[in-house]
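Just dropping this structure here.
Here the chain labels run A, B, C and D in written order, and each chain numbers its own residues starting at 1.
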Amino acid sequence: MAIKYSFFNDYSEGAHPRILNVLGDTNLAQETGYGDDSLSNEAVRLIKQQLQAPHVDVHLVTGGTQANLVALAAMLKPYESVIAVQSAHINVHEAGAIEATGHKINAIEGADGKLTPASIRRTVAQHTDEHMVKPRVVFVSQATELGTVYAKAELEAIFATCKEAELYLYLDGARLGSAIASKASHLSFADLPHLTDMFYIGGTKNGALLGEALVIANPALRENFRFYLKQHGALLAKGRVLGGQFVALFKDGHYLDLARHANLLAARLSEGIAASGYRFLSPPTTNQIFPILPNAAIDRLREKYGFHVWAPADDGHSVIRLVTSWATKEKAVEEFLQDLPRA
Amino acid sequence: MAIKYSFFNDYSEGAHPRILNVLGDTNLAQETGYGDDSLSNEAVRLIKQQLQAPHVDVHLVTGGTQANLVALAAMLKPYESVIAVQSAHINVHEAGAIEATGHKINAIEGADGKLTPASIRRTVAQHTDEHMVKPRVVFVSQATELGTVYAKAELEAIFATCKEAELYLYLDGARLGSAIASKASHLSFADLPHLTDMFYIGGTKNGALLGEALVIANPALRENFRFYLKQHGALLAKGRVLGGQFVALFKDGHYLDLARHANLLAARLSEGIAASGYRFLSPPTTNQIFPILPNAAIDRLREKYGFHVWAPADDGHSVIRLVTSWATKEKAVEEFLQDLPRA
Amino acid sequence: MAIKYSFFNDYSEGAHPRILNVLGDTNLAQETGYGDDSLSNEAVRLIKQQLQAPHVDVHLVTGGTQANLVALAAMLKPYESVIAVQSAHINVHEAGAIEATGHKINAIEGADGKLTPASIRRTVAQHTDEHMVKPRVVFVSQATELGTVYAKAELEAIFATCKEAELYLYLDGARLGSAIASKASHLSFADLPHLTDMFYIGGTKNGALLGEALVIANPALRENFRFYLKQHGALLAKGRVLGGQFVALFKDGHYLDLARHANLLAARLSEGIAASGYRFLSPPTTNQIFPILPNAAIDRLREKYGFHVWAPADDGHSVIRLVTSWATKEKAVEEFLQDLPRA
Amino acid sequence: MAIKYSFFNDYSEGAHPRILNVLGDTNLAQETGYGDDSLSNEAVRLIKQQLQAPHVDVHLVTGGTQANLVALAAMLKPYESVIAVQSAHINVHEAGAIEATGHKINAIEGADGKLTPASIRRTVAQHTDEHMVKPRVVFVSQATELGTVYAKAELEAIFATCKEAELYLYLDGARLGSAIASKASHLSFADLPHLTDMFYIGGTKNGALLGEALVIANPALRENFRFYLKQHGALLAKGRVLGGQFVALFKDGHYLDLARHANLLAARLSEGIAASGYRFLSPPTTNQIFPILPNAAIDRLREKYGFHVWAPADDGHSVIRLVTSWATKEKAVEEFLQDLPRA
């Protein structure tokens, strides 16, 4: 029997239909290349409006690894490093992209996938002279790789720590929509320009075919940024492809609507799983949840559902990862819960 | 009065409608990420079929600079260099992307934007020991930045020179369709795996929203290639976006049909311009042509048409660049020729 | 009162007088540049003889960071990484030199500053696909940053693990003399070409003004190595300066004599310190020892002796580092022990 | 018959005896490591005094390629480039070291190995947007690779051009002594901090065993410079080795005395060669001269003298390079001239 539904990730489907509509409707109009087209300009306007931040710079790129490597290349001098939690995407899942641009990642232990002001301060204090790298950027993911979020107060504390220690704060928002839509974050879009130096708003995992919007909040980081984009192959000739998608995502608050849908179905999944008597690796708050299930149940579920077996847990159990998206169907969630045996 | 039609480049429009149709028709099916989806696999199959080369490797990336930097990063050791003509895209228009991956470009003079076996041999001979870089790749564009093409016999001679000198030949095919469709090249798709070590087939400038297909003809270059893609942010989570487009382009020979249209309209333009008594910077053979016109005529034409003023020519004249594409309308060409005064 | 003697490191003095004699005696003879001089050639011959390895390649460079960055640049492809213990010199004390050549360090926990076969295997097993770097080199220091050594059997086990996992083993021998001269290692020079792929023999910390001898044991790593040297500024025009020093060091087994002196005086220090009732952070086996002393005693000792206060220990105590060298005087050791109060 | 004397280069001998004396006299004193020793500090003081520039920063490194790559790494952002003449050492003879730090060299044609304000302005004007690199540094050698010098007025014009165009001027002074000692330059040490942003004073080619003194004249370039040194393996543990040598070179104006000797003997050679009826590739003004001699004469001279055959000239003649140094003997010059047949 074939797999009926995949909870493997939030990029299994194509784009939200509204996005395809925008691309179709504007397809034959001639536009200027490399991101100076009317769609990209409108996307930037809508994003600034959503952020309530008329003075930020916004650049559209194709993917998360590209966003991260361009951003860090622009923020770091050759001897400077970036502090990140060990499980960070840049530390584990970008094939050494950051090091390939010449920079060390100071990878430190975290709890629930998160850094703390104390861990940042300790790392800075360990770097005392020119025999070592000089930490200059703090990297956080919102939501994290473990599906957790930084509450607004946590981000405020980290940002304050960064400013004391003359560090930039960069936020990887591959799943920013889910984080903002999560009740655990108490965060709004308008907070981000005040709590980071640079961040990106993920499109790929929230309904776009591809595309992430890099936002430069700190004016010191704006200069000549497009050179970094071009040098890393991140300037699309038909920038309109990214522009059109972000127009569709940021019109009428659509972006957060899509994220809320993903969170809602993840919440249903986690409530149902909890009701069946199971625990979680980390508190379920966004569109990624990590239940701990009996291996026998996992084997049966895998016959019908796609998901990642994350790690072994105690004897006879494993952690799995279930991811929902803007496209997840309620029916799929209901069936999964029905197919899950009670603990 | 606003510009009626832009001959500025071949990426002013969106995608050929067939491409949007494929993306739309397959949009909601769940697919595996990062290029292992059914659309990408089908695209690779169709491309190999078109190339009559079952044993090549094909990787889909988003743009030309990205294709070039990934390919050269994979082909060159740290002390090795790439030989290119001074006007080459990698030498002038990629913001130092190749140097940013650590490699020197040996930029040498060319004629009509092209390298010759003699110029390659001379450059190799100048590099004698470890105080200098060691040339290892020859970079050619087909078509070139000046709209010219390498005839098949020229490519054969260059490839033979490369093999004698233990060099790889890499071909930038941003406008490969137009080159193959050109009568001047006497080249077919099936020739390319036998005449290069690696090349890419440009999608962006021949009807795609974005996307280029890197083809690895030399088996020695295949190993672990996806690491290079990932490290440079060139692996899209939704690889299906690239796959679907190349399926549409390579079904039923569509790719060359689009290129033929572009070439046909460029030929009409150049015939009309020649009939009006004007010369060209380089022989018009592809979808980029470079007529030399009086400055007064240029000024008037610019009121209605978009194009690049390439360089000043003799007194009172300048070279302009006109580019046609799969989307260029016959009417636009006719009007342009009517608006062009006789010499 | 000024400091009478510094145990701060093993590079406080200039060169062993024999070295200055060789440089003086050969000073005015005209020699070929860049390492192809008669002194360098003789040094290479003597080193190969000491290693009983006629087929290795030997290159002389100026310092340890330079040796490490050149070696790793030559051993690693862009997506490959090096496994090292967290306290490794390349991970902490080289200002990000390895990352600046584009490579990630997989920094893992160690015991007594050492890697184990199990920790290497675990790290390799965690790297499963092209989203991650691919470990390719294992980096060990002999002696380690904590003054400990790998016993021959330990190195054999690590090297076997490397070969199973298709990893190169690279050994940083900044203090190789002290390690070989240590009874704890059971290692001879002749073992090294059979137990590593590449290593360097430290000159700077064992009597030279400057200079380390990189030895390439694995023939696969030899090709075009001098390009890496030149590209990183590691080819001295007057290579004779390095050659002459290694001639002096490797004539008549002088190198190990110097190391034995350093170890002997370190052993006297550690025996005296132990006799006074103190413990050590790690077992004292080479020319670096790490006694744990009362803070009050440390403060008094610092008035007369130079040394590094390494880390706080339990309450009222700290770890200090004492380093001896070829130049350390017995009198200095005796006085230090006399000035040390009993526990 | 063996070669009696080599005019192959200015690094064939060891060090001037005064240098060995300083190293010997100070050999056993314990000093702080990594360049903060009393010898290095005294060297810096003497260099600043010679430059009449108390506010510059001075860093001692081991060689010219190292000086250049560290300096350019510190001056350039990732997308910035350095303008140099095609024959420049960084463009031809450093194995791609500058590109390996990520930067493009804009190599342009020169006359007599020199850049001009016009050629610099033209290059800057060609770089118009983020699709290209952004020139940021101008690189000149004084003396040049062709033995010529920039006259003070030429340097003033170039520096003014740089300041207008917001470029840094970096001067490679591998043979700075010979340039200053040349009557053609009208330049003094005290001019350099006012006419460059950074430069280095070559030691290796003017009497040192090894060592170059990097001088940072522009305060904007000073910050954290030692990180760049460490990261590129340019911080010697026994920095005293470099310090002691520059103390010997800069005491009592010794440095220029050595350069004057080299120039004097080069002038004797060129006067004698001219008197014998021969011409030169470029006007002989420093310690490198490039006479054009009959091939038959060259063949005979090569039996007794070492020198580089630079390039073929008109039929039957070739350009050779003769280099003198602080160590060149008058007798060798006299013999060479006697052995040279008249034209």
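By our rule, a residue touches a chain if its C-beta (ideal position, glycine included) is under 8 Å from a C-beta of that chain, and two chains touch if they have at least 3 such contacts.
Quantities reported herein were computed from a predicted structural model and do not represent experimental measurements.
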item: From chain D, the most remote chain by mean C-alpha position; value: A
item: Result of counting contacting C-beta pairs for C-D and A-C, higher pair; value: C-D
item: Euclidean distance of C-alpha centroids - chain A vs chain C, Å; value: 43
item: Distance between the centres, which are taken as Cα means, of chain D and chain C, whole angstrom; value: 34
item: Multi-chain contact sites of chain B, meaning residues that touch two or more partners; value: 78-79, 94-96, 100, 102, 130-131, 133, 227, 230-231, 235
item: Residues of chain D touching chain B in the complex; value: 78-79, 81, 92-96, 99-100, 102-105, 107, 130-133
item: Contacting residues of chain D [partner chain A, same complex]; value: 34, 73, 77-79, 101-102, 130-131, 133-134, 224, 226-231, 235
item: Touch list for chain A against partner chain B, complex; value: 5-6, 8-9, 11-15, 17, 20, 23-24, 26-33, 62-70, 94-97, 100, 204-205, 209-210, 227, 230-238, 240-241, 306, 327
